[in-house]
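Order of writing sets the labels: A, B, C, D, E, F, G, H, I and J. Residues in every chain begin at 1.
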Amino acid sequence: MNKAEMKEAILEAKFEKGLKWSDIAKAAGLSAEYTCSACLGMNHLEKQNAEAVAEVLGLGNEISTELQRFPHKIWSQAIPTDPVIYRWYEMVGVYGETIKELINEKFGDGIMSAIDFTMNIDKQEDPKGDRVLVTISGKFLPYKSW
Amino acid sequence: MNKAEMKEAILEAKFEKGLKWSDIAKAAGLSAEYTCSACLGMNHLEKQNAEAVAEVLGLGNEISTELQRFPHKIWSQAIPTDPVIYRWYEMVGVYGETIKELINEKFGDGIMSAIDFTMNIDKQEDPKGDRVLVTISGKFLPYKSW
Amino acid sequence: MNKAEMKEAILEAKFEKGLKWSDIAKAAGLSAEYTCSACLGMNHLEKQNAEAVAEVLGLGNEISTELQRFPHKIWSQAIPTDPVIYRWYEMVGVYGETIKELINEKFGDGIMSAIDFTMNIDKQEDPKGDRVLVTISGKFLPYKSW
Amino acid sequence: MNKAEMKEAILEAKFEKGLKWSDIAKAAGLSAEYTCSACLGMNHLEKQNAEAVAEVLGLGNEISTELQRFPHKIWSQAIPTDPVIYRWYEMVGVYGETIKELINEKFGDGIMSAIDFTMNIDKQEDPKGDRVLVTISGKFLPYKSW
Amino acid sequence: MNKAEMKEAILEAKFEKGLKWSDIAKAAGLSAEYTCSACLGMNHLEKQNAEAVAEVLGLGNEISTELQRFPHKIWSQAIPTDPVIYRWYEMVGVYGETIKELINEKFGDGIMSAIDFTMNIDKQEDPKGDRVLVTISGKFLPYKSW
Amino acid sequence: MNKAEMKEAILEAKFEKGLKWSDIAKAAGLSAEYTCSACLGMNHLEKQNAEAVAEVLGLGNEISTELQRFPHKIWSQAIPTDPVIYRWYEMVGVYGETIKELINEKFGDGIMSAIDFTMNIDKQEDPKGDRVLVTISGKFLPYKSW
Amino acid sequence: MNKAEMKEAILEAKFEKGLKWSDIAKAAGLSAEYTCSACLGMNHLEKQNAEAVAEVLGLGNEISTELQRFPHKIWSQAIPTDPVIYRWYEMVGVYGETIKELINEKFGDGIMSAIDFTMNIDKQEDPKGDRVLVTISGKFLPYKSW
Amino acid sequence: MNKAEMKEAILEAKFEKGLKWSDIAKAAGLSAEYTCSACLGMNHLEKQNAEAVAEVLGLGNEISTELQRFPHKIWSQAIPTDPVIYRWYEMVGVYGETIKELINEKFGDGIMSAIDFTMNIDKQEDPKGDRVLVTISGKFLPYKSW
Amino acid sequence: MNKAEMKEAILEAKFEKGLKWSDIAKAAGLSAEYTCSACLGMNHLEKQNAEAVAEVLGLGNEISTELQRFPHKIWSQAIPTDPVIYRWYEMVGVYGETIKELINEKFGDGIMSAIDFTMNIDKQEDPKGDRVLVTISGKFLPYKSW
Amino acid sequence: MNKAEMKEAILEAKFEKGLKWSDIAKAAGLSAEYTCSACLGMNHLEKQNAEAVAEVLGLGNEISTELQRFPHKIWSQAIPTDPVIYRWYEMVGVYGETIKELINEKFGDGIMSAIDFTMNIDKQEDPKGDRVLVTISGKFLPYKSW
């Protein structure tokens, strides 16, 4: 079994059981965002969390074991085509330099970590049309001189 | 004058006057994020805001006029190399499908707009290392059938 | 079953039954354009429409279920090679800036949505050679400042 | 003088005179879409039209001569980044095969010409948000066997 | 059955029967060039021609049906590597602008069609080494203004 | 002076003098196709031919000298965008394998030279629309074993 | 059977029989370099040579037949990664213009053929470290004017 | 002064003085191949050699100094377009694996150095057409385990 | 069996037996780094080492044989996406020129070998967060003139 | 002044003064590696260090100011061509997965930072040929779940 097979099995089981990512996340004791990313093969879970995820999905040991393996994070489209993901790519293109300017101004020379990092996606109801509210928190890492 | 020359003139004036993006934004009556992106040539300002920005920077009419022009949003690196911006590109690669899954689950089939959109970048003090807190709100747009 | 298998099964059934896209669309209660795009795996159908499509094609539940799943919109050729599709790519290359100029002039700074969007393809008879008449309507989305 | 310099001179004169593309097109006796594309360097104008365009813009002989030259149609971004133009690229990616299916079904094996071709861009007022209405007519060209 | 499988079956049958493209073309009542391109999956044949091709190759109905389907013209190498095909790519690189200059001079602004198009490949005996003689005829299509 | 400057000077002089490629070619004592390609910087001319070309264009020694230099044949677009040249690229994509099949069948394993090579472009009048007639003759070069 | 399957079968048989390329070449009556390239699928062998190769490897008719087919020369890595092959790519990058300068100086404007071509690879013993000695002979082909 | 300016100055002086690479190489006391590559900016010369080259070309100190600088070896075309250089690229594509097989067989696992390396280009007269004879000698470097 | 299958078999056996790379390396009598790279298919092992590796993993002859074959070193991502490997790619981008400057200054014109090369990866405990300590030793190879 | 102009000015002054990177580093009170990278425009220096560097090079205020600006880290070659830098790229390609395996085994799931990072380059004398010894220390950053 590999991550791609695991992902397919999880998505199928989730669909058949009519579960939501928040249900699976609750079982894992983690956020829906992190749990989902692990189920898609982009993060790993600790043993206990992995077993809880496999159980709620009615899947066996193999899935739990695979969820614990450290993933190779690979994406094949340098520029994503799906409109949901492309809009984020576009956001990085349009606002990337702005983000850099403001981080540099507020923190000094350094980066915002994509490793020590959390992301939450919420629904913001709005009479003019609901909005997606995303909150991202990444540790600031200063460049080190030596 | 074009956007690239405008950007250079603004960055130079900002540096010489020792202004922060928040100072310029206050003059514009807009957020630091949007104001910065307009000064970098990735958005336009309305006449009144543009004149205020030019004034606080001690720059003339040409800058104000250029700030009002609608930009062609162009970036030359399909995969950005600067580490600050690359980490965001990586985030889209690693979490893009997760974002899609959760938006689809909470809102149905559709996208999060990168046009009707706001982004705020804040400093979150933390004894284990300060964090960059980013809040993004984008309107949900459902796919339309016909 | 995935979208690629669904597409293959639909095209085969359509061929064997001698149906036209307009026949299938009538069953779906939608336009031929949207219905066709859903059958090719680029859009989803609501339950009722999906079942009607599966039925008219003499296909079972699996197809109907797959038609309802939200697609990942992926195309593998950054520059399409088939001459029909390339001509459209060329049109975007040649007239893209013109489209931008005219939208900006008539509506202000913003974009034409590719999500809240309809497209119709008709035959225009002409003694000098028939013509393809395409009508596209996309919602204007103004850039938002904040 | 080359097409790039011509384009810059025209855009500047248009801005200073406060003209719209429809004003320039009226002088040329052509549509705003075609006139605009010629002024951006992507088509040529016949002598009489070119002179009328130069005149209404208050520009001299050089511009008129350059407008008459047959352009090399070159675009440097295989995948455009400006959101207005990208949305059209996306439309070709998502609906390209659908367009091919429907043209093939209605006309037989062949293409829709991007040479014998017209495009019109109109504003469609709508209480739920104005829409961009684009009408494209391209001659059908059947593949020839021999 | 798809075009790739059809191509493989035809090449195998052609090899086993010791047929030449000219033999197959004669059966089809078309040129060797067009017939070959259809057998390789890059054009379609009308019913009668397709059946004649299948028959001369001793192949069944499936092949005849597949030959009649309109192909998606796809090539995977943007720059071909096989020396025979690369030399043609090189020719387009070296002489492309020359071709454009001469077509423009003789015909006006427009293109040479690759759809209403014929190509013949002949052997020209020559004591200094035989030559490949290629004759291509493409309809001139003038750019249309509107 | 380099080939790019030479090309620009020649095109300007040709335009001002109202010369055709066939006029310049007559002076050179060569075909219009080869002469044009040399003037665009893609081939070189022998001394006598180069001087005749410079003279008919009213250009000096520098141009004649530059025309004699052996060019570095460079094109910057791996996939050309101008429609005239793209159609030729497409022709190589669609018919490349066909060309290979027929050359191999008629001549054996080898290639058609793009070096020992001639190309002629003629106008073929036709009541259904004039046609571009292109005749290409390239020496067959058999692969050598050793 | 195709060239890829043939290559795999030959490499396996060669390994099991403990043969060297020079042994196989001797059977073929050709050089080790050409024979090896044919066995890897990049050249073809005449009937007699192909049968001798198949025989010495203990392989049947299928292999002999496949060795006789004219190959499509395809490589998938535009820039090779294996260090042995990359060093040759680097050599072309570093010395390509030097090679061109010297060929042009010694022979005039033209190329060195990669078709009428031989290559030999020998071991040159050297106390400071053995050296690979490569001798390449390619026919000079002058550019032809017309 | 940089390597590009140096190269241009050297090529111009060489042309005006009517020197051959072999003349310049004799002055340098090195081969024509190495000397040429240094003059094109792809290698450096020791002080004494550099001064001799500058002198024979009638160029001053700046050239001599620049010739001594260690170059950054940069080429901008991943796949070269000039036919002379492309044929070498093709040779690497077609024969790369053959070279690897034979080096591995004769020397063991390792590479042929492109650093400790010599290349000579000679003219081989031949009644059937002169040939370019290239001799390359590169040190074998075995992979090291640890 | 090929290198990819070998790698999969080894990783599975390693996981099931709960072995570390250092355990396998000890059996091989080589470093963990080199042993690991050979098991991943990027280097070969001598017979004795290969047999020891196969034995400690409880794998048979096929694995041992495959470990001895000289690999084709191929990686499919020109720019790696996994964050661990990307950070190294970034390091080469940011510090590549610095490395070149310092090697050139300390050793003269030449390179650091990636063939005669060792790499060790150690854990450096640190109260502010453990560090990865990498030590690389590559032979300096001076450019050779001739 | 920008980073590129700064770099050029520093390299010229360094050459004229005959300074080594270690001399400049001593003035800066930092390592040669970090100082060099800042002078090449890939890192910034604190005010005091920047002034010391400018002084030792005999350069003025502008250089010192520019050295203090936070750089945009941009490299234009996705795959570097200079052999010194390419060998490092190759090392990442060949050993990237090995590095990941060993870091994961010793530290758990996470990365080695390229931000909190030091690199030292030393000369290791060796009778069989001097070696470049590189020592890199990067902080381990564990992936965070949430």
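A few notes on this one:
Everything below uses one rule, namely that a residue touches a chain if its C-beta (ideal position, glycine included) is under 8 Å from a C-beta of that chain, and two chains touch if they have at least 3 such contacts.
The chain lineup, named per UniProt: A, B, C, D, E, F, G, H, I, J = Cyanate hydratase.
None of the values given here were measured: they were computed from a predicted structure.
Chains that touch both chain G and chain H: E, F, I, J. Distance between Cα centroids is largest for the pairing of chain A with F.
Measuring from the averaged C-alpha position of chain D to that of chain F gives a distance of 30 Å. Distance between chain centres (mean CA atoms), chain A to chain D: 42 Å. The distance from the centre of chain C to the centre of chain H, with each centre set as the mean of the Cα atoms, comes to 55 Å. Taking each chain's centre as the average of its CA atoms, chain I and chain J sit 23 Å apart. Contact with two or more other chains is made by residues 33, 72-73, 75, 78-79, 81-83, 90, 93-94, 97, 100, 104, 111, 113-117, 141 of chain J. Remark: the chains found to touch one another pair up as A-B, A-C, A-D, A-I, A-J, B-C, B-D, B-I, B-J, C-D, C-E, C-F, D-E, D-F, E-F, E-G, E-H, F-G, F-H, G-H, G-I, G-J, H-I, H-J, I-J.
Put simply, chain D touches chain E in their complex at residues 30-31, 33-34, 43-46, 70, 72, 97, 100, 104, 109-111, 113, 115-118, 141-146. For chain F in complex with chain H, the touching residues are 72-75, 78, 114-115.
Taken in their complex, chain H has these residues touching chain G: 20-21, 32-33, 36-37, 40, 42, 73, 75, 78-80, 82-85, 87-107, 111-114, 116-117, 119, 121, 123-124, 126, 128-141. Touching chain J in their complex are the following residues of chain B: 77, 79, 81-83. Residue ranges of chain J in contact with chain G, taken from their complex: 79, 81, 83, 86, 90, 93-94.
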